[in-house]
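Both of the next two complexes hold chain A, though its partner changes from chain B to chain C.
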Partner chain A sequence: MATKASKSAARLMMAPAVTLLLGWMLVPLTMTLYFSFADYRPLRATFEPWIGFDNYVRFTSSSSFWDAVTTTLVMVGSILAITVVLGILLALLLDKPIFGQGIVRILIISPFFVMPTVSALVWKNMMMDPVNGVFSHVSRFLGATPHDFLTQTPLFSIILIVSWQWLPFATLILLTAIQSLDGEQLEAAEMDGAPPLKRFWHIILPHLARAITIVILIQTIFLLAIFAEIFVTTQGSFGTRTLTYLVFQRVLESQNVGLGSAGGIIAVILANIIALFLMRAVGKNLDA
Partner chain B sequence: MGHIKLNQITKSFGDVEVIPPLDLTIENGEFAVFVGPSGCGKSTLLRLIAGLEDVSSGHIEIDGRDVTDVPPAKRGLAMVFQSYALYPHMSVRKNIAFPLHMAGMDQAEQQRRVERAASVLNLTDYLDRRPGQLSGGQRQRVAIGRAIVREPAAFLFDEPLSNLDAALRHGMRMEIGELHQSLSTTMIYVTHDQVEAMTMADKIVVLRAGVIEQVGSPLDLYREPRNLFVAGFIGSPTMNLIEGDEARKHGAHTIGIRPEHIVPGDPDGAPWSGTVGLSEHLGSDTFLHVHGTGLTESITVRADGEVPLRHGDRVGLTPNAERIHRFDQAGLRIA
Partner chain C sequence: MARAVSTRTRFAWTALAWTIAFLMFFPILWTVLTSFKTEAEAIASPPSVVAFDWTLENYGVVQERSDYMRYLWNSIIIAGGSTLLGIAVAIPAAWAMAFVPGRFTRDILMWMLSTKMLPAVGVLYPIYLICIELGVLDNRAALVVILMLINLPIIVWMLYTYFKEIPGEILEAARMDGANLRSEILYVLTPMAIPGIASTILLNFILAWNEAFWTLNLTSVDAAPLTAFIASYSSPEGLFFAKLSAASTMAIAPILILGWFSQKQLVRGLTFGAVK
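Presenting the complex of A and B:
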């Protein structure tokens, strides 16, 4: 029961965790904010604590900024579309009683256990390599010219890799949602004359709305921060430079901490705008 | 229309035969109730008629048409499920209109039928609500509304009242009865509650382990149960079943006498006597459980509501000789 005493006891006991978490998040964020207004280039021993919005202007006015924003949106959008659509189909399939269901489910989930760096390396060297990759062997076997994925279609290749990684997550969430659907509803719809496709459209899909919302929100947060997959494969070349990667390049490659920090803050703001937009668009599914 | 004929149908799940070959005819406009203990195959039988399960062998005819291989939607039947199975994301209006929408009926006609069903079922004020905002009884009515707009050949009810509380159940029982009177469409109703069966049915089908034990009107089953199972299942409180010497006196292996056909009285001169154990006072009636009669462990007697007997009193019991049911060794009625 929430008495006065237990409430204050609860506050007291939560205090250490809250303090730690606040410090954990606030300190780096404040430092980033501070650096973003400074001309800070450690290798050149330059430190000017206040240069106003110069860093922000420089970061946004470079042509690579808008390219990076576009690339990020295309990448995140495509991965979301692929994982949600394929996730629904896979979940529908896995919901059916099949032989060896338990093993199949574990296998389907397994890509999620592979570290991003490792999976990107495996895809790059074993699957997509134009000489030794599985795909090139297959196309040579069929008499076609091997496709050099990472050079000819780099953005698509990265989308493919990351979708493969995130498909299990979407499938898992959507599968549990499908399993929670009352079977009598489907039978009622069948009696009401709805053929399978209409049952999917009118009964299953609305039932999945909330799960799809959750998948989209959670994945967006993580997908905006894709890094390892790009670093390992294209290093941001051929139009695969996302905002995250651009910030990384500014800080480490040009050794300009101030400029990178400004980019970081812009990325945070953009991520919040997207999150706000998503919450508005799909968040209503989370009520009721 | 709604004449349903089951011809030698069987159903097996794997090696388990749930329904051995079974014949049954339900006449047009009849209110048929399938009743039996849980696991007796009554719901399976209903689902076979609906087409939600395939029969293992045999034929189902509706209005003379063989529908054995016809999908559920094309059989012209509507079903009301135990959980109501309303579509939670649709308004009441859309729920009721769903079968019409699926049939591709034009908007104006859909609207007209939904309004009519809503006014019959007192749902007009709730048409724009979601199922989640309705009470149990209202949800039940929406489920019925969704069934009646299709104007089906027959309605199938799968234990529709078991999720409602006692008072509401009584109310809905009356409403469904009224609905049957006004629509005069065939209805098949599955329940495990013999009171529902007795009060609503034109024809009761008593099932046990997939086998039809008896088919008949409620009073037929009450007056002349064909075997011990039906005798024990129909009627509340249940019939007293007596074996041994007393039964042999009547030339039977078992005799049955309903509590309401025994008159309590003075212990002297009565054919049976015993000691009153627990007595249940219902106001209108009192159910006495009489022990120590030497017949069975306990005999239930229905007495007047204000009978002056108490726990421990001696009481004499006089059975109405014309109302004694006789059963043979195999449990079948001796005519």
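Presenting the complex of A and C:
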């Protein structure tokens, strides 16, 4: 149905978006790539354009890199596990006939809309503060010694904060997927006498598989980039320095641009590997 | 699912769901409550839940001490500006891809998605440097452009999935009636596309409002939005529980309410149309 004229018009209409994104991607990325092979430390006025792979070797051979990779994996992995498992349970619950479902949904989804700096500070001060936090009030009430979350278990604390932010997202998407499930199939299984656990395992879970994949992949993209939550709580200390935060520190805090850029390129490569899987999952849907 | 459920089961599920919902919402609720306490009451142990002298003084102090309105205004400009600019760039692109799909439409869409996955930290220094060179560090216009670029893939994708649902036959009918491209867009497509465009605007406004990587790294005083305003409360000397709560409440209230209206669009937008 498309005529030749409309085809060229279409190209013209796409041009601004494509050009902008192309520029946004290529220009800074090329610069990062260029810096990553340079000894570039602006504060010391050092700029040597080519030092080969020195930055990459130094970045990957430092123990802080491997610590950061471990921290990133633990953090992202735990948050994914928590949000997906609890997300499935919550979605199943919200699918039940309950009174005031609309309000329940609104309450559960709310944490997702809280800006990262606010949720980090609210948790740090209002919930986890060893003296005035709600948790310490509760433990004193129960006769226990208050736990100093961000000092004693900093990584766990950040995992808790970020899980709170992302659980609504997982729940909402899984709930949407559950609601598209064919009710008749479930009823048939129920009439055949399949117990709830079996129905969940053989009907609901396979139906959710795609939504779960998408939740995992999208969250991974966002979770790899966690920044504000660390920035306002621990500043990357006490074993909470992720790869993103390490690169930020190298580039902006210690202004070792060459070294940080090498780290940035490594982060880009790692993210792209994950992106590849996500694209495949989303791409499948385009054909359907 | 019209299955008969006994009232007792229904009450049990309801009780469980409300308990969990309350726990999830609790940190927000607690913050809002604390914002109405005096500083002394905010650190009282054990804390009072509602039986305290409700006061609005924290809101006044926060505004006075840190000029809350300026940050709010910056947030509105940055989130609103980047969203509208993004919509202006994305509508023609999404329209073209939805109604005049070519051989490469699919590849272009996938490529746009891939730019979203670029970790921001990988391009942090170049963007920082470019901002310095252009003299636009801590500048609202620069953030409008940067946040527009970050969210552009999501905007294009969302609009694309909405436009895709407009039946092509309607366009053909309009064309047969002699409508040209311009009137086709203005009188046929736009009215049908408005709900989709509105949801896209809503979701992207929320995303831009809460963005906290570029806004923290590229602003200091003049262009700092609410994300940076709140982050300034993280230093211990500036910390007062009730005032922090008031500041937090003011930063999240507008977007929380917008967010409640956008639940459905959220799913579609953030899954790039893969889950509807």
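Here, the second predicted complex is superposed on the first by the 269 of 288 C-alpha atoms of A that agree within 3 Å, B and C clash if a C-alpha of one lies under 4 Å from a C-alpha of the other, contacts with A are read in each partner's own complex, and residues count from 1 in each chain.
Quick note on the criterion: a contact is a pair of C-beta atoms (placed from the backbone, for glycine too) under 8 Å apart; a residue touches a chain by one contact, two chains touch by 3 or more.
Note that the structure is a prediction, hence the values are computed from the model and not measured.
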Combined model on chain A: chain C and chain B, fit or clash: fit
Which of chain B and chain C A:Ser110 touches, first, second, both or neither: second
First, second, both or neither for A:Ala9, with chain B first and chain C second: second
Chain touching more of chain A, residue-wise (chain B, chain C): C
Contacts of A:Glu187 with chain B and chain C, given as first, second, both or neither: both
Chain B versus chain C as contact partner of A:Phe149, first or second or both or neither: neither
First (chain B), second (chain C), both or neither touched by A:Phe37: neither
Which of chain B and chain C A:Phe231 touches, first, second, both or neither: second
Which of chain B and chain C A:Trp123 touches, first, second, both or neither: second
Angle, in degrees and to the nearest 10, that opens at chain A between the C-alpha centres of chain B and chain C: 80
Lowest inter-chain C-alpha distance for chain C and chain B in the superposed arrangement, angstrom: 6
Overlap of the chain B and chain C footprints on chain A, listed as residue numbers: 187
Parts of chain B lying in touch with chain A, wherever the complex brings them together: 50, 52, 71-74, 77-79, 81-83, 85-90, 98-99, 102-103, 130, 132, 146, 150
Interface residues, chain A side, partner chain B - complex: 182, 184-185, 187-194, 198, 202-203, 206-207, 209, 288
List of chain A residues in touch with chain C within their complex: 1-2, 6-7, 9-11, 13-14, 16-18, 20-21, 24-25, 27-29, 31-32, 35, 90, 93-94, 96-101, 103-127, 131-132, 134, 137, 140-141, 164, 167-169, 172-173, 176-177, 180, 183, 186-187, 210-211, 214, 218, 221, 224-225, 227-228, 231-233, 244, 247-248, 251-252, 257, 260-261, 264-265, 267-268, 271-272, 274-275, 278-279, 281-283, 285-286
Touching residues on chain C, where the partner in the complex is chain A: 1, 3, 5, 10-11, 13-14, 16-18, 20-22, 24-28, 30-31, 34, 42-43, 45-47, 89-90, 92-93, 95-97, 99-102, 106, 108-110, 112-130, 149, 152-153, 156, 168, 171-172, 181, 206, 209-210, 212-213, 216-217, 226-228, 230-231, 233-234, 239, 241, 244-245, 248, 251-252, 255-256, 258-260, 263, 266-267, 270-276
